[in-house]
């Protein structure tokens, strides 16, 4: 990833996006959004529906290319990379969790978690061994042979987290990971995600519309109409009011 | 938690057996971790009122070599009163006005910036929610801690939702307040 | 009824691109069916000798004409398979929409009528187009057509849309019965129905009876040979369909447990999950494989026989009169093959379109496009291999049996050329499945992540 010009300065963000713009047809989803994510940081991106949260995540994770602006990851410009390299980055350096749909319905929990390792060339027995450890870590023990359709929503999402983290990524991108869960399952999923991220020093970019979920993060960025809403510190407002 | 009935909470703690004031305060703070801690003075005053009303009795005193301690226990009437209170429904949504709304209106009346106020209040609420989330997700947090943090988190979240909706409707509110 | 018609029109107009594909392909299938039916209807009333300018003289004699009519009617089978495959495009979506209508308070009858009108209209467009082309063609060839022909053609033009409407109303019976259950329920991996098993059993008995007739001393009626060939074809087809389904589960489980490569794992687990889905999709392919390899065998026997008689000067007509009949049959088999391959391509495309959100999520997680593409091709390649092999063997057996039954006095070589048919069909199937690869690239676009 990094090369000689990667400065040892710890304030250089792991992932930085500047003035991102992206339109879907005539709808401008992003209009000059800038975000930074430090190594090991858990950042919540909140905002009303249609504010461009998901599009921001897609641009940051290299799933879509922005129309304008730049995304750099560890000194590498994602927006200029070929698709093959982006695919590889997403497979090895990033993990993704969506609201649902990222597990292959026909594969068992164990095979689903082992899949990213197998894609990287790990043999199936080794991949199974590591996948089993991760499933246990996320409390999906004894469910290895179940398929996504046979699990509860919370179990499926914890399996998805295991799949996202099994390759030891530096960033996990989570788009409404608890959007379809009740509050108890939400608490279990979010606790599992934040604990593991902190233990393994993995950065998390968390998209959510739920303030209680956003409260698991270290910091919050609010999107509105495709741009980042200005931050108000309490002191600044005391002067204003 | 406080502002509710301290006497009923103490009666509840006495229900498991006789206890003295210091012990009651310690158990209270353990059971209700995110609540404001009870002051000793308040514990003793409340216990004396319970005895006066016939809901508790002085069981005896011991000193164990240290300072003298009075042990209290609940009476029949005390148990009955406790059962009545525990089964009584708390009045739903008691407050229709709140400080945040008042500040928004005052800010409009005085030509201030209600949007900026709401954004700042939102940031403060989020900060408190992050603190509470950190408390409840800390390794080894017991269930009582988690549940009381959840109670506060849900209330802060309700405030937050209200603030978000209000912020989106400030223009209309300003017109209404200014017209009145 | 007018309200239903308007609702059907509104639903069709507001539907997405896939639904339009279904309407278009259904219309094309209906046009093919109507075209075949119209030719049959025009030919049926003919009696005795007629000089017909098309068909290399085969339509002149009543005997050969009957053969052509039977061949044309047999072609309706692959057309039916094609139509069945088209009906699956966007079927899940349509079923949900119909269930939604039921939940919104529509009566079962209304939902049935709306669905029937939707597909009936598409079939009407197709049959209308076919009729509009056929009538002037017939008038140009035949100056005073038989009134019975006109009546038959009118019947066909009306019957095709009506049948389309009836079939689609019947297909919705489960949605109508329990709308909520249908929306929520995951379809079970259903095996072949009782009807299929009974039909296979009866076919087997019939084939056994017919095949043993010559050996039981009964004088073998030559007229029974085509019936026997037909029954054997259906039987071999049914057996290979059953084999495709039954082996898919074992294949899936066996391979999945040992799979080392991710694409093999994905493909085999999908097989294990719904082993009968592919058997259903491939039924027409297998039937055509049996017919084609059987035909190659029969053709070889007939040609050897013809050349023999030609050498002895026993033939009444020129050799080309007999061979053109064989060539026409060969062309019909090729048309059937083209139809089922199109149906297979449509089926693969539909399976991709249904899964596009999941596929987009896989791609977003960094699963390479090549792995997804190989998994998709393996899903067709794995279960088809044993089934096509059995179908080919069945066809070969039919050819050998036909040779031994019809020419006792003549030694006929085993028609090994028939073995090339399954290989060719297998390769063609893989190519047909591969036509969906561009669609895969489009299905995994990140925009798909935005929709549930």
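We just call them A, B and C in the order they show up, numbering each chain from 1.
Note that contacts are C-beta pairs under 8 Å (C-beta built on N, C-alpha and C of every residue); 3 or more make two chains touch, one makes a residue touch a chain.
According to UniProt, the chain labels map to these proteins: A = ABC transporter ATP-binding protein; C = ABC transporter permease.
Keep in mind that this is a model prediction, so the values were computed, not measured.
Averaging Cα atoms per chain gives one point for each, and the point farthest from that of chain C (ABC transporter permease) is the centre of B.
Ranked by how close its mean Cα position lies to the mean of all protein Cα atoms, the top chain is A. Taking each chain's centre as the average of its CA atoms, chain A and chain B sit 37 Å apart. Chain B and chain C (ABC transporter permease) have Cα centroids separated by 73 Å.
Work out the mean CA point of chain A and of chain C (ABC transporter permease), and you get 46 Å between them. Taken in their complex, chain A has these residues touching chain C (ABC transporter permease): 24, 54, 58, 61, 63-64, 84, 87-92, 94-96, 98, 101-102, 104-108, 111, 115-116, 118-119, 123-124, 147, 149, 163-164, 175.
For chain C (ABC transporter permease) in complex with chain A, the touching residues are 186, 259-262, 265-266, 269-270, 272-273, 357-358, 360-369, 371, 446-447, 449-450. By the touch rule above, chain B contacts chain A in their complex via residues 107, 112-113, 116-117, 119-120, 122-126, 129-130, 132-133, 137, 139, 153-154, 156-157, 160-161, 164, 168. On chain A, the positions that touch chain B within their shared complex are 48, 190-191, 194-195, 211-212, 214-218, 220, 229, 231-234, 236-238, 240-241.
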